[in-house]
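Next, two complexes with chain A in common: one pairs it with chain B, the other with chain C.
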Partner chain A sequence: MTATHISNRRVAVTSGRSAVRRVTRQPGVLVFTAVFYLMVTVALSSVWRAAAETSGGALVGYTAAAFTWYVATSESVIISLPQRLIYDIAEDVRSGHILGEMVRPTPTIVGRIATQIGTALPRLGICVVIGFAFCSLVAGLPTSWSAIALAAPAAVLAISTNIAGQHAFAASSFWFRDAGSAWFLYQKIVFVGGGMLIPLEVLPDAVNGWLRLLPFAAMAYTPARLASGHVEPELLLLQAGWLAVFVLLAARAFGAGERHLMRVGA
Partner chain B sequence: MADAAIRVEELVRTFVSGGRRNRRTVEAVRGISFDVEPGERLAFIGPNGAGKSTSIKILTGILFPTSGRAEVLGIVPWDERRELAARIGTLFGQRSQLWTELPARASFDMLGTIFGLEDERIARRIDELSELLDAKELIDQPMRTLSLGQRMRCELAACMLHEPELLFLDEPTIGLDLLAKQRFRELLVTLNTELGTTVFLTSHDVADIEQVADRAIIVNHGTIIYDAAVDRMRTELMQQKRIDVRLDHPDDSATIREGIGAAVEVTERGPGVVQLLVDTETRSVRDVLDHVLASVAIADVSIVDPPLEQVISEIYERPE
Partner chain C sequence: MIANVRAAMVTWRSAWREASSNRAGFWTQVVIMLANDVVWIVFWGLLFNRVDNIRGWDFDRMVLLFTVFTISGGIVLGLLNNVRRLGELATTGGLDAALALPTSTLLHVVVRRIEPINLGDIVFGIVLFLTLGDPTLAKAGLVVFGVVCSASVWSGFLILVGSFGFFVGRREPGELGFSAMAMFSNYPIDLYAGGLRVLLYGVVPAAFVTSVPAKIVDDFSLTQAALLGGVAVLMMAIGVVAFNAGLRRYTSGAVWTSA
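Moving on to the complex of A and B:
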């Protein structure tokens, strides 16, 4: 078997599957994720529900119920992600751990992204179950099942885009060996510009129109917007586009980073 | 020589560190050349900073050389890193390639896929290797429940899954206890003799060299300072032999010293037990033995080579 005959898709599926098995064998992590998710969702959704109720029942088009579904979804796609991913990638580069992956016949980025998605999926599953139960209890059943049907793949696309994006950002550590600033910047952009804490419509019109088009919206805003009852399938297309862009960027950045490492040494 | 497993010619690697004001250039590898034949078991040894790891990184394709040429299995490693990776196995010290939370079998499935093996072949290889490496009872237990020695057996199986022609091992026995080290060395020899896998091993542990390698290359300060069969190392390099003598009459130990000459160092190791260190460059062992036999009555005598560790230390300390 030569390297060119090895299927990256098969490697990705197997890596992802192994990661799922690994996470499901750590029930403590899943319980912690679930508890943390519930705490954050309860707190934030109550803030937005209060805001909607004091604004006559709706704010920027979101009712109290819609806000609840929005927050539950946006938090689920962020909390289910592996924490400190950019730091961990930088540490693997700094410590030379990544060299062990470079002596394999497939691109390191394939296994890495697939593994992280596999790690996030069981957590997402737990968050979705808890979030659905919480929202149904507090805000009632979804107003649009079509929107929920779109939100489900959007949530998976959101974590995939986020993970690919973090890899693209973290590739800077091949040159700078420190991911602190990259992580700080990335996190803040996703929190605000990605609509994790605040639905983008709350921001001024001049800003939110642009933010909806940027990749960070695909990481939190898109599934949350859909789950809050808005049937906007075009958002899924935009998400898929950004996922492709970030996967390509991450692959290029890792390729260049590995060649840099080969020049300067780990 | 085109069939050599590894061919290295005038390989040089320098590293530049520091900023503009304090720029420093370090020559980690300074023009080394050697060949490794298929099926050889080579120990590539040297003190810290000698250039071992740098060389192994270049040969596995994860580091560019500054100049020089190298081919591994006919491939220029840094030009076709992934093509080479499909044909070699690597084990870098304690850097695990197996998931700790899962049984080794799950990691083997993943690694087998990464190396392009079909599911059936992965299953067959797992069976073969677990049999060969005596790891059948280990591969279905979570890795975290295994001892370090058992884990290393699984690591070895992992890097042999895709039937590599050449195995690069960088300090593979570091941290293992004596029994686990011994077991690991036996397994390496088994892999070499039964599967014909070429072994390229770096280690600080002299026993790894003695028990695994049939040839040793010693590097220091980035250059090769010795390259020969391990068996020949002692005979070629040692300038000392030790003669252990047990006397019939303990009081004779003083008699041995008389007229023995400056090239022999005599030490009393107990009542009637004397140790003679002979500088073989200036005095033959036979000459010293003749003297002993002529001067005292002996109950037992043995001639001992100095430990390989001592031989290697002496090579390191030689002036360049």
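Moving on to the complex of A and C:
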């Protein structure tokens, strides 16, 4: 391992830790996240439970209880993230704020991704606690503890993949100044194509097989599918693969973008 | 009263000019919201592709619910955007500029700001009704009635929860109230369990924002319509009383803003 790698790792760990401390010192934000998460989970899981009951107890292989665990998990990994991260990154590039980070001796992307993961983890933690309590109360305890054990790392991988993916998308703002609005498109793709609102099995058979392989599924569907009682460890491998791809893409794109910015200015 | 309305119209026209001054940005935001709303219709389309009917709600009825939801939401959050920000304005001293004017403070503040992105909701709702809502003249009239009542309940509720800011000094109640209303009115009331349903009729009146108006449009009932109209008037009255009571406790932030 080279000195650069060690330095990058230190920056990542320090940035992540400091973000965790910052968020945990703002109980108001955590409470707001928790209440909002609970409302969304109650509302959306009601829809799917009702749909399962109407269909004779199960729909596309999900029972009402499985739907509840699915929704609670898919919402937790999305709500713990800043909704407009792509927009915020684009704003930092457009305003020149990012130049202050570029003078540091480590790549900008390392600190940024680590900070966002550190910010999301406490929120994810509180959502998971509330989600677990809600699901246990409404749908009963998990049918498979093995699946829950897989869902826990999958949730962390999901937010990491999503954050890396948003950085890779947002890097286009180094060249296109209006890229900020791309966050909306990205968010909607994750909502439907990533399985946040709707388990992918509900979609037509012709598309759901493909969507399971795409990176957006790694951001919501994978942990939700596992938490709903399906022991499918291969999904974790796919998630890890997409995380590696997005981290690499984001690093390359940010590197190129920063060089472009140095040439043409903010 | 007439002078207040006239002043509000002038303020609203100026807010409109401000919002639409950047044409490209304005239309981009409208289109973004249209895309957002399409996602929801796709969601319901996919769901009702698997089940015909969930507790009395089928795709056609959901179209009506969404018509009311989007047009009403567009009016409240787009044309009267400050109803969502009352808590923030109350706690940060942002009402100073409005207090100095010889007109109703609440009326001036709520029409002062237009949010272009939510105007996309109004466009979407109208297009949705005309294309998938099986429109007739009578149905269109009921949609107008439902939207007016829905917008009144929604804005009255947001004024009420935003006014909590005057009393507790924090804007979170307003933000949570907004989130709760937007979240629960997005889905039919019959999908929720008994206790929650009572809450959504009484405490956070989300049922009167979408489900009740959609049912009236789909299957008219004079009793339901009278109830909806009554709740709309009552909710707005409660909001106005709460705001005026809170305004007496308002502390200036010594800042000069355009609210």
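Simple rule for what comes next: the second predicted complex is superposed on the first by the 258 of 266 C-alpha atoms of A that agree within 3 Å, B and C clash if a C-alpha of one lies under 4 Å from a C-alpha of the other, contacts with A are read in each partner's own complex, and residues count from 1 in each chain.
Convention: contacts are C-beta pairs under 8 Å (C-beta built on N, C-alpha and C of every residue); 3 or more make two chains touch, one makes a residue touch a chain.
Note that this is a predicted model, so its numbers are computed, not measured.
> I'd like to know which partner A:R21 touches here: chain B for first, chain C for second, both or neither.
First partner only, chain B.
> For A:L249, select first, second, both or neither according to whether it touches chain B, chain C, the two together, or no partner.
Touch status of A:L249: no partner.
> Scan A:A240 for contacts with chain B and chain C and give back first, second, both or neither.
It touches nothing on chain B or chain C.
> For A:V231, decide between first (touching chain B), second (touching chain C), both and neither.
neither
> Taking the superposition on A as described, I'd like to know which of chain B and chain C A:V40 touches: first, second, both or neither.
Once the two structures are laid over each other on A, A:V40 reaches chain C alone.
> Thinking of the overlay built on chain A, is A:I198 touched by chain B (first), by chain C (second), by both, or by neither?
Touch status of A:I198: second partner only.
> Go through the superposed model and pick first if A:V156 touches only chain B, second if only chain C, both, or neither.
After superposing on A, A:V156 lies clear of both chain B and chain C.
> Could you say whether A:L214 touches chain B, chain C, both of them, or neither, answering first, second, both or neither?
Neither partner.
> Which of the residues in chain C end up touching chain A in this complex?
Per the touch definition, chain C meets chain A at residues 28, 32, 35-36, 39, 42-43, 46-47, 49-51, 53-55, 172, 175-176, 179-180, 183-184, 186-187, 190-193, 196.
> Could you please specify the touching residues of chain A with respect to chain C in the complex?
28, 32, 35-36, 39-40, 42-44, 46-47, 50-51, 54-55, 59-60, 178, 181, 184-185, 188, 191-192, 197-198, 202-204
> Going by the contact rule set out above, which residues of chain A touch chain B in the complex?
Residues 1-7, 10-11, 14-15, 18, 21-22, 25-26, 97, 99-100, 102-107, 111, 261-266.
> List the residues on chain B that touch chain A in their complex, please.
Of all residues in chain B, those touching chain A are 15, 54, 57, 60-64, 78, 81-83, 85-86, 88, 90, 92, 95, 97, 99, 101-102, 106-107, 109-110, 113-117, 142, 162.
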